[in-house]
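Right, I'll just put the structure down here and ask away after.
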Amino acid sequence: MRMKILVTGFDPFGADKINPAIEAVKRLPAIIAGATIIKLEIPTKFNVSAQVVHTAIAAEHPDYVLNIGQAGGRFALTPERVAINLDDGRIADNAGYQPVDHTIHADGQTAYFTQLPIKAMVREIREAGIPSAVSNTAGTYVCNHIMYQVQYMRDKEFPDIKAGFMHIPFLPDQVVNRPGTPSLSLADDVKGITAAIAAIVARDGQGDIKTIEGTIA
Amino acid sequence: MRMKILVTGFDPFGADKINPAIEAVKRLPAIIAGATIIKLEIPTKFNVSAQVVHTAIAAEHPDYVLNIGQAGGRFALTPERVAINLDDGRIADNAGYQPVDHTIHADGQTAYFTQLPIKAMVREIREAGIPSAVSNTAGTYVCNHIMYQVQYMRDKEFPDIKAGFMHIPFLPDQVVNRPGTPSLSLADDVKGITAAIAAIVARDGQGDIKTIEGTIA
Amino acid sequence: MRMKILVTGFDPFGADKINPAIEAVKRLPAIIAGATIIKLEIPTKFNVSAQVVHTAIAAEHPDYVLNIGQAGGRFALTPERVAINLDDGRIADNAGYQPVDHTIHADGQTAYFTQLPIKAMVREIREAGIPSAVSNTAGTYVCNHIMYQVQYMRDKEFPDIKAGFMHIPFLPDQVVNRPGTPSLSLADDVKGITAAIAAIVARDGQGDIKTIEGTIA
Amino acid sequence: MRMKILVTGFDPFGADKINPAIEAVKRLPAIIAGATIIKLEIPTKFNVSAQVVHTAIAAEHPDYVLNIGQAGGRFALTPERVAINLDDGRIADNAGYQPVDHTIHADGQTAYFTQLPIKAMVREIREAGIPSAVSNTAGTYVCNHIMYQVQYMRDKEFPDIKAGFMHIPFLPDQVVNRPGTPSLSLADDVKGITAAIAAIVARDGQGDIKTIEGTIA
């Protein structure tokens, strides 16, 4: 049976009218490396986002979940290593909610490591000619929240899924009025996410590769 | 009785002949805001560093432990929020050891949050005229390692200590041959660390302040 | 009669196997905003580059000359304001020649301002959704050299041409092994250069627009 | 007879209440490497600044003029190579005047190169442990203006002076609310400017050294 991968993208938030995450997800092929891609737009809202993903997991029983989010200011596609049990909003979410130093789940782990082969993803994205790096923080906003929530669902309810998150930079259009800020095109986002998903499929059942991608600080 | 704070600094590593962490620690006052400062140099070695700190904690019974380390490329003094259960060396440590994706303790938590009032520390450092920000990743090298190890000691053996980590930038002298890299002077490091420790003392028993210091990504 | 615009791009230099300048120039339309585009590859060599452009100007009698070059590390398409009478190579050129503090022409002006409407170009590039900014230095390598040389030709021999230079960032593929370095896709380069040329045509005979694009330092 | 060096610093402008330029100048020794230092505060105003410097040159007959200014966002002390005949204000000056694309002097050269030994200055500053680099643009605001004006005075009226400009970064206190912006301490500014002046004295009559300090773009 075909592998199923649920890929989500957030809608626009803050001052931006567009979010490269959902735009790139919409443009992914229906099938990547033989796996069926299920696409899902999720709202940039702390609580609702998790409910929407939960419903999709319950309905679709995907093998993998890959959440995609915008990381303004980053230079590269960055698969995330870890999600932490904390909401700490720099700005309010799209529901007007701005938690400060809130624990997400009192009975959840302090953090969860991803099950995705992030180093293999980084390698494949680079081989596609797109900059990529392992990230060790998904921030403290809705992106970290959804990554944590999906891991929590895995911990408590769906032990068979493997899940993770990848951040992508601003689009060129978003940095026209943000001098000195890096960007990446939508076409390159699609190419890079496709390569990352191909790496997930290729490494299925084998764990990650052991390459030097650590960070001093 | 006087509060006791153990403050550690790493020795030089990689291409550098100096480490601002131990240099700044050496220059701290003996007493800050009424608390006794115990200074300790520790080696930039994954395993030995933790043993050295363990010995000092066992001997001194400090109320707080603050580990200081160099974060080349950062612009500000950055108290760390969380340590993760992972060693992933970009370079070998001073013992020639370079773990890749190693779990630090199989029976440790995935991550530990600091007990230090990081937002109060950031506020006090800024009020001293030094740039500061909360960081959500201590990297995957010896700095994260020691932060994690001290938390593990707290979890298993010394439940009464409160502990955490702060990264500091390169010194100006270290960036002379690294164009486009920020730095901070040793005098400002000392001023900022002193302010951070004063914040720790001032908030003792009250937890952290609730300011907006979250990170989107 | 149709306006003629000579657009040049340099070949690869230094450690790179590709130069976005010539790649983008090759992909420009044959006609932009009614003007005929004459494309020319030029070598990244201090002396030969000027001879090649001189030959093309003498043969084609273009109304405008726009030289395009790679500026690794820049975030945006940057029309240059001024060329200076100086060669000061950080690295050797493709002929192995590395001048240090050489005057280009003893009888040339200390610098020449471009005749291109750089602020109108910046505005049009941004309206195409691509980041852009006026630059006040073309460096001291072959890019500044060719910009200066074409101005010198204008000063001494071809008073009717209007000329200028635009720098473009690295391609994504070029930054895969240069972490923390911005890039722009070839498609966006082509879109941005096309918009810049449309601005040149639209402002022909009217000079530049008066927008706030100055630089404090 | 002792060599005389006129060193000027601008007063605060824009959103800042302090300008490291005048603060550093005030703290310079009275004599550096045997040369008498004459210190002068000048207003951040396009027109008045030049009158104030002109008066001081006429009164003091210095051998050298070194103007110091703040370059927010730079990482290093940057001696300037060239001043251009253009005022293009991103913001209004302290008199509320904001020229856009104005020629400074219709009978002045397009640009003037400094007479200061900028590469020797860079070398000496680095040897003092402070980051430094040659800059090829002084911007288009009051800093470039005063550098150009002093060169114009030299061209037309005071042929014996040698003159130039150096930019210095923000102070740490100025970047507390500007995350991701580099800074340098006032003590390091003073140390670096002192080293630069020592280099000026040491190279007097010999011109600059020939080191590799060019910029690709």
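Labels A, B, C and D are assigned to the chains in the order they are written; within every chain, residues are numbered from 1.
The definition used in the following text is that a contact is a pair of C-beta atoms (placed from the backbone, for glycine too) under 8 Å apart; a residue touches a chain by one contact, two chains touch by 3 or more.
Note that the coordinates shown come from a computational prediction; the quantities given were computed from them, not determined experimentally.
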Copies chain B and chain A - interface residue numbers shared by over half, same or different: same
Farthest-lying chain, centroid of Cα atoms versus that of chain C: B
Between chain C and chain A, distance of the C-alpha-averaged centres to the nearest whole Å: 38
Geometric centre distance via CA averages, chain C-chain B, whole Å: 48
Distance between chain centroids, defined by C-alpha means - chain C, chain D (Å): 29
Contacts with two or more other chains, residues of chain D listed in rising order: none
Contacting chain pairs - touch in the sense defined above: A-B, A-C, B-D, C-D
Chain C - residues contacting chain A, complex: 75-76, 126, 129-133, 171-173, 175-176, 178-185, 187-188
Residue numbers on chain B that touch chain A, as the complex places them: 14, 69-74, 81-82, 84, 86, 88-91, 98, 100-101, 109-113, 135-141, 143-144, 167, 208, 210-217
